[in-house]
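After this come two complexes, each holding subunit A, first together with subunit B and then together with subunit C.
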Partner chain A sequence: MSKTVDARGLSCPQPVLEALNAIAAMSSGTLVVLVDTEASKENVCRAVEAKGWTLDSVSEDRGEYRIAISKG
Partner chain B sequence: MPNRRKSICHCHAHPLQNQKDNLRAARGQATRANRARGTMKTFFSSRAGIIAVGVAIGVLAPLLQYWGNPGNMGICVACFERDITGALGLHRAEVVQYIRPEIIGFVLGSLLAALVFRDFRPRAGSAPVARFVLGAFAMIGALVFLGCPWRAILRLAGGDLSAVFGILGLVAGIFIGTIFFRKGYTLGRAQKTYPSVGLILPLCMAGLLAMMLASPQVQGELKSGVLFYSVKGPGAMHAPLLISLLVGLFVGFIAQRSRFCTMGAFRDVILFKQSHLLLGVVALLVAASVVNALLGQVKVGFEGQPVAHTQQVWNFAGMLLAGWSFALAGGCPGRQLFLAGEGDGDAAVFVFGMIAGAAFAHNFGLASSPAGVGPHGILAVFIGLAVCLYFGLTMRAKS
Partner chain C sequence: MGLFSFLKQRTSGQDPARADRGLLLFENTSEVIRAEKILRAAGFAVAVKGPPPEVRTGCDLAVEYPLIEGLNILRRLEEAKVPPLDAIPVTGPLLTPVDLYHVKDFGDHLMVRAANMKITVDKRTGVIVNVSGGGCPDVPWLAARLIGQRLDEAPSPRETGHTLCGYALGLAFEEMKRQCLPS
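After this line comes the complex of A and B, so read on.
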């Protein structure tokens, strides 16, 4: 089971901060990040990619985004 | 690397935008408009996109000055909101009274972009009263320096070297803010809300425009209808209404798309070592310097700069307060307008806080003038710093 970071409703810079904290604690594996603004989606994608994680999928459902990432 | 990122973002920029899109795609009816939207989305979230937006603002701001706006103040979100406050009579500093159409344009342009790109997300409820107070002290700090971060950069681009102290203060304030974020500071989650809530600030802006059209400026008169105007000083200097409004709409549109933010630019470098937003700010500085040079609007030095003072300790401290407030509230004044345009009711509360702060700043003698800091500006800066500390220390999520 992959870990989930629920950053819905949080404003800048917290979604990115929480995603980066989570991947720093994991070092490898899979992680799901939930956000609810397009800006947060873009920021989280950019930040985790810069840390060498791979974007597996990004899906939208009723204005909420589910970002699945993995490493290793 | 950039190519890889581009291709990845491209993949998820379009699918599943909403159910209507899905249906269309399922029927094989992906329209040309949808494809164009996808391409534009990809562009604005790219490195080239944020640089293009910085260049556009950097070109347009000096042009607005050329067309009539005050010196090194082609665009200043703090000063312009302060002028609006004066035009409404909420403070009575006669030299800074004008409903600035640029501000109206920023919010409505952002709303338009959010609607066109299906990014209008009404939300509210993340400690609004804290955001109101942060907005008020952000404004007070900015008026001790005499400019928002946009103007700090535009002042530098016009050769005003005192701006360096303001920018250093801004970065120091943002740095302090990031320490609190690392320690768990948060204003809490916003909730989805009614579209009508997200529309409140855009509607207020439309109302300001209507008031301006109903009470147009009369040459040499301090008052027309319900609105106050300046007959001298920075408030009397402005580009033609239609030009200001159109530039505002355009900047609001592209800034909503690219998430341009002068506070985020420095914060992301400090907090995440990410330079994406900073590229936009650097592009603004370079473009504005070039256009100022071409228009003969550069005068390098400390003394005699337009709407500025040389008390460098207070230039630094004013922006220290502003930068810390922007960081705790999650955006520079411009970004707060663009967020409010895309439906963020908490950002709208920050904007109202800035307007209240501007009223206090001029009614209580907190704002600086070219002669230096106001009689109570220094005390206000210390109170503001104490408020930021109080917020930063007490508003933390339990880990």
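After this line comes the complex of A and C, so read on.
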């Protein structure tokens, strides 16, 4: 199962909450979170790691960040 | 009842005893922080608030204090070499201090903002899920220390932070505890 959360344009803590809610609803699979600020990228990564989920990759393209997370 | 199974409904600006309070105005934020620390350590019931626009002097924080303790408080601050620019009674609605806190309920999560800093907690577990705002160098370090910790076990940002952002986060942290933890 793969899912994408587009949190671009949202200010913290909403990107973090949307990412946490989306991954909590998944039993297993991959979640991609899109954000457009450095702070949101840091906060999503930190929250994911605090929850014990796996941060697969983080990439940046023209100020937008793509965070890949896996569960299970 | 679980530790975090309820939230206290608190609203700002409903203190019936406001008329017996005053505001200490300072030149800068560092003095507000120092004065608050000195007065709290001395046992005075003070709180940091946003001053009403009519009396703002450049610093966007003020110390609210009980008027009856005014003389003792001023003496203590003069001894500590942190005299306020002014001490005014809160006498009318236009002079009501502005609450520094903004609380937003996201359903499963609760966010408290104090000045420029925000802290967000999972209401079911009491775990801090996010810290954001500010631009001070210790914010990432504070976030790393707090996120993933339960609210009642996390270190106080006021003790561990070293900047105005850390101080504001400490205020948000304490307000979050007031909102979420049973007293």
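A few comments on the model shown:
What we mean here is this: the second predicted complex is superposed on the first by the 70 of 72 C-alpha atoms of A that agree within 3 Å, B and C clash if a C-alpha of one lies under 4 Å from a C-alpha of the other, contacts with A are read in each partner's own complex, and residues count from 1 in each chain.
In this section, contacts are C-beta pairs under 8 Å (C-beta built on N, C-alpha and C of every residue); 3 or more make two chains touch, one makes a residue touch a chain.
This one's a predicted model, so the numbers in the text were calculated from it and none came from an experiment.
In the superposed model, A:L20 lies in contact with both subunit B and subunit C.
Of the two partner chains, both subunit B and subunit C are touched by A:A50.
Applying the stated contact rule after C-alpha superposition, one finds that A:V58 touches subunit B and leaves subunit C untouched.
After overlaying the two complexes on the shared chain, residue contacts for A:D36 are found with subunit B alone; subunit C is out of touch. When both complexes are overlaid on chain A, the residue A:L10 reaches subunit B alone and has no touch with subunit C. Counting residues of subunit A touched by each partner, subunit B versus subunit C, the larger count belongs to B.
In the superposition on the C-alpha atoms of chain A, the part of subunit A touched by subunit B in one complex and by subunit C in the other spans residues 12-14, 16-17, 20, 39, 42-43, 46-47, 49-50. On the side of subunit A, the complex with subunit B involves touching residues 8-14, 16-17, 20, 36-39, 42-43, 45-47, 49-50, 55, 57-61, 63.
By the touch criterion stated above, subunit C contacts subunit A in their complex at residues 106, 108-109, 111, 118, 120, 122, 127, 129-133, 140, 143-144, 147-148. Across the complex, subunit C is touched by residues 12-14, 16-17, 20-21, 39, 42-43, 46-47, 49-51 of subunit A.
Against subunit A, the residues of subunit B that register as touching in their complex are 5, 8-9, 11-12, 15-18, 45, 119, 121, 123, 126, 181-182, 186-192, 259, 261, 264, 267-268, 271-272, 274, 276, 330-331, 344, 346.
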